[in-house]
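Taking it in order: structure first as structure tokens, then the write-up.
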């Protein structure tokens, strides 16, 4: 029974979507308004129920599924099986998405109110849930690759959703990049399959390469690892392959928030973690030129992303650049190729999910309520939307890495991993070992940039500038009587949008204050993985 | 949670009251209530701090993550700073009661004012470097609204500059914290430092880099070159009481940070004679000189005071950088004196602005006729800062110079005192003209304008005057009777060096 | 056994039905054609399973002359499988393009169209089954003529010019093939494959005639490469595939070129000896041409704006894949090439047929931008096209993925070509993604103005054909294991 | 080398002819010439085949006087091939000529490039 349950989270949403699409074909003939309203109502319950059910199944699996249980759905070819298996690392990812998805759906119901083509939107939104769950549950590289490709397909209609020229361009670029990246990741798959000690691609902590054979063609394999890294790195927005993400912000905010800040990009990072720790194995990669390249690439990405975020005036695009740099935190930690690194990168994966979705949802709430998308338009909104901006402040502080917020915990762990790597590296690999120290510096630079690009938003919200009138002296009492009262009217959105925000903010603070259970669990994974 | 819960009280009480002041909607139009809350917070903070510092205490709160413990611990340095902070805060708070009548958003000001107090006390009580860092970051963020308070273009850009420099400094320091965590694991403060040379073998280069990063990073808060740029921009745009405490107290948290790092974690022995010490001495002396020069050339009163802060705080850093007991005592006593003096000066400047709207020094001719008592206090404080005996500045500078001469740091032993002396002259040059012009505006001064504006004899209200009086009196009195203070500081110096 | 007669019988049946159709009208000819293709499917399936069951191939003597003299047919697992797939695809293509056939072709000439179809089928089957080189040549020519007929049946200036180009290139190819045959005959004295191979083996063993053998190999390879449209000889492909009636395009691109490739493989294995082919440098040349084709075909396709020419250029790329597989010079490379042959046949036919469905609802314009939103107007065709495109891009669960996988794994076995192959595969996937997915996005973009409201509902037959194509793709993608095993077995039987 | 060529004069000629035909088919713009080239090419192959099948001093393989010994006759297969080939080439030639006529009727030109240009114009309009 348990085994069969393993495929449910991936397939249930897909089945649900099929049903929805079929009913949509029939439903579209009913053109009357009342019928439409009714349908919409049903749509809400339907989507909500499916999402919740799926999350419940996921939690059931997370809490009570034994180690090593697996389910082979079918064989694609030879040893390439579509296999589901939930190990600890999968549990982490599954846990994150299973919490985020229902809330995001709740949010999008308010956000998408009044939009046409809700059917399309929610179908693909739901479908993406299934696919992402599939990634979390995949038990071997083949399955991961399959769902990775499916993810591209399931999400590109969502980017295309606004149907504007920009959306067209964005979705096109998204597709090219993703599919192109997958083409390179595919090479990794082939090599892992060929050089695997088990004869298949099933994930094992510590990797499955047959080191004897692999070392005989070490450089080729390292090169392929790099290709696969950058291939999967497309979704994880590593530097040369990052250009799709800022464009993709044309999608509706629930998409940008959940998919382009969490599901899609994290899937990329997750895939890289799987590739690094569970397929190639750190033993093979540690100390190789591939490791340094990967580390350098993520450092460059962090620098680039955080710098560009400062320069960007469009709020969502700024957040997208922030995502670029933060995703590379994960990769940077992963590139330490140590148990600490794996734990740290998973930690940031979890934490960043909450922080970024919270920030995006705040941006979306502002867009939805006021239609403002540029940062210079946000003056004084902090007073009008107190809850939204409160949550934004929490998310921002967390993103910067202020202690007591969740972001600090992950940065702490990443830096710890980097230092440990550097200490060891100095002894074993000479001057290459200095790179991790540089990584910490990069991390701190990025934190500084984060402070700039996030807090400027918050400050604008709370402290709208008052331009000094000609000759006017601000110090005189009453000099500002004629400034418009900025307190009028509460613009906070409805509860369906606020609830997720508040929950996310609470989680951020909660994890920031008490992270031990999480980090201990992650350390266990790290201990296994490397 | 283990330990003496009383340590938590002075931290939580002001923060709580501040939150109430911030969050309560009923305060609009109900000033007495607001002031009631504020003074509950201030007085509560004052009393509970005094109560807390009497005993030895430790408190472990909780773990943020495995290696990150939040915990308090009282020691000499902590007590010293906490008492200083809370007293100055109370006085400046008293001053704000009148001063803030001409500013908007009082409740926000007071709210954050109280929260910063709580955070600062937390900073002083911190038992380990990470707790310290936590409060350090929070201090930056909670004091930011004070800088931003006026919301003018200058204020916002100054606020951002403040934020940028502080955060940049904090992150530089964080590099060091990461490093020490990785090497040492536990970062509880131990007088004399926890680091042992053995654990850094092979990594001396990284160690020194990390320490240097921390010196520069924490130095940002103390306005040390090269991260000093924010200070002259940010302090003057805040309301006067805020600039006073920013300049007088918050800059000292940078000093405290360096004391904690160098004397309680790294240990002076690790860096004595290294390039880090040389660089540190150089930077602080450079800042001393540069700050005075810039102050000398600055026409705007509050900015001039801010530059003066840049220079004066670096006296303290210079004293610390010598890693020598006498200089250490001098540095810490200068913490007290500068704190009192600079608060007095800023509050004076605020009073001038409040009463007359004058911002530039040249406008203030004849100030002695407008507010003689205030100007008298200003003069006393200035003399103290210049270091005219028997006022307090003399004591600290004496100790600093003596320490420098006996430190054995090569050329610095004589370069240091020379620069200190030069800077003292410059200090006199930029502070005293106001006194002279204020009391003796000269024959060509036309008093009629003052009469027209009904400014003659217009002293501020007692709430404003009292803190100024007390602070400048303190500055003088400590100079006359420095004995107890110096004894206490020497004890501290003995434990750490 | 009755089954053993099936190969011969299906060839002859197809040919005679062509002759018969000349006196029938269009509809009757269609029915005859469909019947023939249907029965061919059954017979090929029977042959395939019979051979699979028996685990060996057999030769079928035509007339009463035994081996060295007579004419023979040979059927094995691979032949059966290829015949089966080819006839299935042909059936689906004919069904899918049926309405267009009747619209594009003058009513009086519809029966001619089906004659060409019958002849095409017959020649393809003959190319697959024959064991005699000269028979192969004759059927190559018949194939060419039938193909030419299919192209020019539309009776437009474009079609004629396309047909004459096709003819010229084909003649060049078959001329070279013929001279190659003749030279081979000159050297070995045999036209039947099996004895010829023995002679070749002895010649090679003796180390004689090295240059003539190389010339033969080169001439035959180049001849068939021209006919199948390998990269530098591809110039006729976009014209031909781009302007024929949909069924014809589907068959020409999906099947005809594959027939020649199959023949080439057969000659490699059954006449020249695969090891000799590998030992000569010819495989490397094919490999390089294939690689160039993979890249250049896609580049051309990206630059193209006309949808069908885009798909046609994509064929150039895909044929490049196949030749690359052959050029790898390993057993697994050959398996991959054969599998990709099947993949490409199924997919390319699907693409052509569904493209037609999309054209119908978009005003029959050539520019791919006119297809904007067509995916909503003809949903099934849209889905079909998307599946086809994804399969070409190598999406897992579709057939293209398996062939890509096979290519990649086989590349690992030939160390010198490994990196080149892998990079080529990756780059060409990216390029494929660019033009195919551009089209797919266009299909699902918002139409600026609703284009000609064509017949919204696609016919049942069309829909059925698309669905079957999709299923075929899925089958090849999901159940590839038995197919690959059959291919491997079949290739082993070649020796 | 030259003597070899001279010795195999028929084959040499056949190859030259094949080359000529191939080049014509490939390069000439005039359709009729292309078709002629194709025929030359085919003919060259027939010549080659016939030359191969001819064995000096033997009879045409038609049994007239009861000699059944194979060594008395030439190889009959090439002749058969030539015949088949001729059939094939005739049919392709016919087809190509027919096409050429249709194109000529339509575009009044035999120049393939001209025709293609006109076709493009037709498409464009």
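Letters are used for the chains, namely A, B, C and D, taken in the order the chains are written, and counting of residues starts over at 1 for each.
Operating definition for what follows: a contact is a pair of C-beta atoms (placed from the backbone, for glycine too) under 8 Å apart; a residue touches a chain by one contact, two chains touch by 3 or more.
Please read all numbers here as calculations on a predicted model, not as lab measurements.
Peer 1: List the centre-to-centre spacing of subunit A and subunit B in whole Å, with centres computed as mean CA coordinates.
Peer 2: Computed value for the inter-centroid distance: 42 Å.
Peer 1: In whole angstrom, how far does the Cα centroid of subunit A sit from the Cα centroid of subunit D?
Peer 2: Centre separation, subunit A to subunit D: 68 Å.
Peer 1: With centres defined as the mean C-alpha position, give me the subunit C-subunit D separation in Å.
Peer 2: Measuring from centre to centre gives 27 Å for this pair.
Peer 1: Please tell me the distance, in whole Å, between the geometric centres of subunit B and subunit D computed from their C-alpha atoms.
Peer 2: Once rounded, the distance between the two centres reads 104 Å.
Peer 1: Residues of subunit D touching 2+ other chains?
Peer 2: As it turns out, subunit D has no residue touching two or more other chains.
Peer 1: Send over the residues of subunit B in touch with two or more other chains.
Peer 2: none
Peer 1: Listing for subunit C: what residues touch at least two other chains?
Peer 2: Where subunit C is concerned, no single residue meets two or more other chains.
Peer 1: What kind of graph do the touching chains make: line, ring, star, complete, other?
Peer 2: line
Peer 1: Which chains are in touch, pair by pair?
Peer 2: Applying the touch rule to all chain pairs gives A-B, A-C, C-D.
Peer 1: Could you list, by residue number, the parts of subunit D that touch subunit C in their complex?
Peer 2: Result: residues 18, 21-22, 25-26, 31, 34, 38, 41-42, 44-45, 48-49, 52, 77-78, 81, 84-85, 88, 91-92, 95-96, 99-100, 102-103, 106-107, 112, 115-116, 118-119, 122-123 of subunit D touch subunit C.
Peer 1: Provide the residue numbers of subunit A that touch subunit C in the complex, in ascending order.
Peer 2: Residues 25, 74-78, 80, 142, 145-146, 149-150, 153, 156-157, 160, 163, 168, 171-172, 175-176, 179-180, 182-184, 186-187, 190-191, 193-194, 220, 224, 227.
Peer 1: What residues on subunit C touch subunit D, complex-wise?
Peer 2: Within the complex, subunit C touches subunit D at residues 69, 134, 137-138, 141, 144-145, 148-149, 152, 157-158, 160-161, 163-165, 167-168, 171-172, 175-176, 178-179, 182, 185-186, 191.
Peer 1: Within the complex, which stretch of subunit A touches subunit B?
Peer 2: For subunit A paired with subunit B, touching residues are 397, 400, 402-404, 408-409, 412-413, 415-416, 418-420, 422-423, 426-427, 437, 440-441, 444-445, 447-448, 451-452, 455-456, 459, 462-468, 473-477, 480, 512-516, 519-520, 523.
Peer 1: So in the complex, the part of subunit C that touches subunit A is made up of which residues?
Peer 2: 379, 390, 393-397, 401-402, 404-405, 408-409, 412, 418-419, 422, 425-427, 429-430, 433-434, 437-438, 440-441, 444-446, 477-478, 480-481, 484
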